[in-house]
Amino acid sequence: MFKNKAVSLPYLVWSAVFVIVPLGLVAYYAMTTKTGQFTLDNLARVGQYAPVIMSSILLSIIATIISLIIAYPLAYIMSRSSGNTQRTYMMLIMLPMWMNFLLRTYSWMTILERNGLINRFLELFGIGPLTMINTPGAVVLGMIYNYLPFMILPLYTTMLKIEQHTIEAAQDLGATPWQVLSRVIIPLSMPGVTTGITMVFVPCISTFAISRMLGGGSSMLIGDLIELQFLGNTYNPNLGAAISMVLMVIILICMAMMNMFDEGEDKEAMLL
Amino acid sequence: MKRIIALLVALVACFSLLCLPASANELGLDESYYSRFKDQDISINVYNWGEYISDGSDDTMDVNAEFEELTGITVNYSTFATNEELYDKLKSGGADYDIIIPSDYMISRMIQEGMLLPLDFENIPAVENIFPQYLDTNYDPEGAYSVPYTWGTVGIIYNTAMVDEVVDSWQILWDDKYTNNVLMFSNPRDAFGITLKKLGYSLNSTDELELRVAAEELKMQKPIVQAYVMDEIFDKMQGGEAALAPYYAGDALTMIDANPDLAFATPKEGTNIFYDAMCIPYSCQQKEAAEMYINFMCEAEVAAANIEYIGYSTPNQAAFELLDEEIRTNPISYPDDELLVNTEEYVALPGETNLLMDSLWTEILTTDDQFLTWLMPVMLIAGCVASVVKIVARKRRRAREMADY
Amino acid sequence: MKKSWLSRCYVGLVMFFLYAPILVLIVYSFNENKSRGVWTGFSFKWYQELFHNEIILQSLSNTLFIAVVSSLLATLLGTAAAIGIFSMGRKARSLVMNVTYFPIINPEIVTGVSLMLLFAMCGIDLGYLTLIIAHMTFCTPYVILNVMPKLRQMDQHTYEAALDLGCSPLQAFSKVIIPEIMPGILSGLMMSFTYSLDDFIISYFVSSSTSQTLPITIYSMTRRKVSPEINALSAIIFVVVLVILIIVNVYGARQEKQQQKRYASYL
């Protein structure tokens, strides 16, 4: 077989310079003062923002769980339909991802507002205006809406691999539909579930535009906090870097937990 | 008679501006001055507020295009949303702007930090169009770094369909009758400014106690507030999404035009008067071309077209005289002097005050989520338990599998 | 029978959820009124004005330029890297792959911030260059992940066979290996292009005044008012993408059918 390690050299240099060094810089900034002296104050100050961090985690977990609940049956239905229908479904799920997510989120504002489409529709039945926008619920909705395809796709790919014969065999052996689901389908689709969870949870927890547009600025998330330090009211890259570090740690913990639950071996294919 | 003629001239000028976006030459500008950089392939980067220049939409003058045509200088125009965004972009070193239009307090901060270049007024002859009182300011005491572009006040914009009473005080933004109907500034400086004024303090207060009292007020206001926003107020108030919001007088005019239910009031406790002025940052590569741009913006017709588009108040006397009588006498744009007595400009605050304000602000925004703090250990424990259970289960199964073999 | 009706309903509901905002967007692009929510009449006004809005057009061309350049470069870099990584030993390979996963797993905001710090530190002016570097950084891993499986699927002996039949190593490489992994390269290219077009968070931190991409322009608009020209633009993009996807799908379906036929005739 053709072997040439040297051709990967440009890439190795590239990732060293633009992936590893910048992360080192984040760590450096997080642990220094503005004048460059070593300090742990920045990291300590992050503790002050515990409520922000916790509410981000909470909202992201809720969004991830709901996405999973919505996506699971859909992925199953998709994987059990005929080739052409599958292709059409795939296309329909991919298509929205081509539209700019800010615009789609902005469009939700038009729908959810007090004088928005839903409220105007409800008005026809005499139901008073509901407060939907500028609530944490709206933020969760925005997260689910934007990242649902990331949950559907890995689930769908793993479920494709479950042979119809396996399910039939279980049924022939007397398993009830519930048993088929819990003993066959769910265990076999576990790799997809864990990949899906990571792929939804990570962008959810680090988003900043969604919360600003749909949450009305009062439910601040980690992403907002970081953005605020670099491009917002306070220019404080040191604190921003410290919060970024904490964010990375949270995500690493999340991934480690997912790995533990994931007994599948080949993750590469899932990520795509 | 003289006045009638002046009015006629003004009307004709406005008319011609509105109808035919006159080409540069028809503006009667000094060709020899503006053609200095022709065919030299120079470009300048202008960084301005969003929707803050007449851009040719709805038959207005396209100021940048006119400038490019007149001078042959290419204008790269981009916009920012807050003074702080502008400051951060400059401070992080990656910016390449030749002209920026920050507000008063940011200008004084930038002067203090040496981020602005002094202007060469020889190159800006049109500065004589500016009212002298606007050239003598607190934020730029020497008058060496900035040429004012607009000024205005902050007041309360409200929807008369939802607010029945007389609005004349900041207190109404704290009235729980309007729970979930109030929008508030999301910028700590502006939010604290309003609160300090409401309490009767200076909006430039550096007193820690006063700031803490203001923070308590803001926490009390939080349950009433529907959303913390900045520019979104424009769209939301216009669409009837909320009853009350603080906002800028100039924008209020545009909003009232679009939604006649809206009205504007300048609170009696006093408010913030602000200036936005054109400056040249130290990153400037084309100083003379940038000064030419500033000069162009000071030309009467150009300034008048911008003011008509933006709706803020103009510091430019020549442009002021070109405006409609109706605009010139509008109390929203040009309020009576007695209402302006209590107004204050922002000045740059010392670093520790800014830090205190920022940390108080984050505290305010997260205040009612306190229960989340103790949720952290709960979640950590839950996560650990789940992992342990999983590991034990796996080990047990392995053991069983081994036994089976 | 009843069950399939139920599942179709469910798919319909989810699709409605996914498409409702897009529908709203497109419908309002035909609204005569500038303010959203108020419908005053049908018009093509915004489509015409779109072609006169320089800020939008400029940022659109910036976006396309950056997406084309960075996805091509990322594909080149990534394909070479995949071949190199494939030739490595087990340990080195897993180490490099872990680094490769980093930009994918790392939250975008952290990637953006870290690159911003790097550029500020080195004194590189933010602009096209920084945008292209940033986009390449997050696109290359996708190329590698697309090409690697193709390399693995390849019959390990075809290359040697080509050499035995008298090809020079270079010929064998370009005539045997490249065609084999071409589908992976192409899908990597496509993916990079898409991600680069749509990226907002990372670009937001590394762009400057003169190099605003479309998503950044849209973001600064959403803070004040999205001008309906943007709705018109996204309606156009939607239709274009729809057409491309339909063509690809119909083509794919036909090819599959042909393959099946061929397979059947073999039998």
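Should a chain be cited, it is by its letter among A, B and C, assigned in written order, with residues numbered from 1 in that chain.
Here, a contact is a pair of C-beta atoms (placed from the backbone, for glycine too) under 8 Å apart; a residue touches a chain by one contact, two chains touch by 3 or more.
This structure is a prediction, so every number in the text was calculated from the model and none was measured.
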- Query: Counting only C-alpha atoms to place each centre, which chain is farthest from chain C?
  - Reply: B
- Comparing A-B against B-C, which pair counts more contacting C-beta pairs? A-B
- Could you tell me the distance, in whole angstrom, between the mean C-alpha positions of chain A and chain C? 18
- Query: Quick one: chain B and chain C, Cα centre-to-centre, how many Å?
  - Reply: 36
- If you average the CA atoms of chain A and of chain B, how far apart do the two points sit, in angstrom? 34
- Contacts with two or more other chains, residues of chain B listed in rising order: 89, 92, 239
- Message: At least two partner chains per residue is the criterion; list those residues in chain A.
- Response: 113, 115, 230-231, 237
- Junction residues of chain C, two or more chains touched: 36-37, 116
- Query: Can you list the residues on chain B that touch chain A in the complex?
  - Reply: 82, 84-85, 87-89, 91-92, 180, 186-189, 222, 225-229, 239-242, 354-355, 358-359, 361-362, 365-366, 369-370, 372-373, 375-376, 379, 383, 386-387, 390-391
- Message: List the residues on chain A that touch chain C in their complex, please.
- Response: 1-12, 14-15, 18-23, 25-26, 29, 70, 73-74, 77-78, 83-84, 87-89, 91-108, 110-111, 113, 115-117, 145, 148-149, 198, 202-203, 205-206, 208-209, 213, 223, 226-227, 230-231, 237, 240-241, 244, 247-248, 251, 255, 268-269, 271-272
- Which bits of chain C are touching chain B when the two form their complex? 35-38, 49, 52, 55, 116, 119-120, 123-127, 130, 206, 208-210, 212, 220-221, 223-225
- In the complex, go through chain B and note every residue touching chain C. 45, 47, 50-51, 56-57, 76-81, 89, 92-97, 230-232, 234-235, 238-239, 258
- Message: List the residues on chain C that touch chain A in their complex, please.
- Response: 7, 10-11, 14-15, 17-22, 24-25, 28, 36-37, 77-78, 80-85, 87-88, 96-97, 99-111, 113-118, 121, 133-134, 136-137, 140, 142, 144-146, 148-149, 156-157, 159-160, 169, 172-173, 177, 191, 194, 198, 200-201, 204-205, 214-215, 218-219, 222, 226, 230-231, 234, 237-238, 241-242, 245-246, 249, 252-253, 256
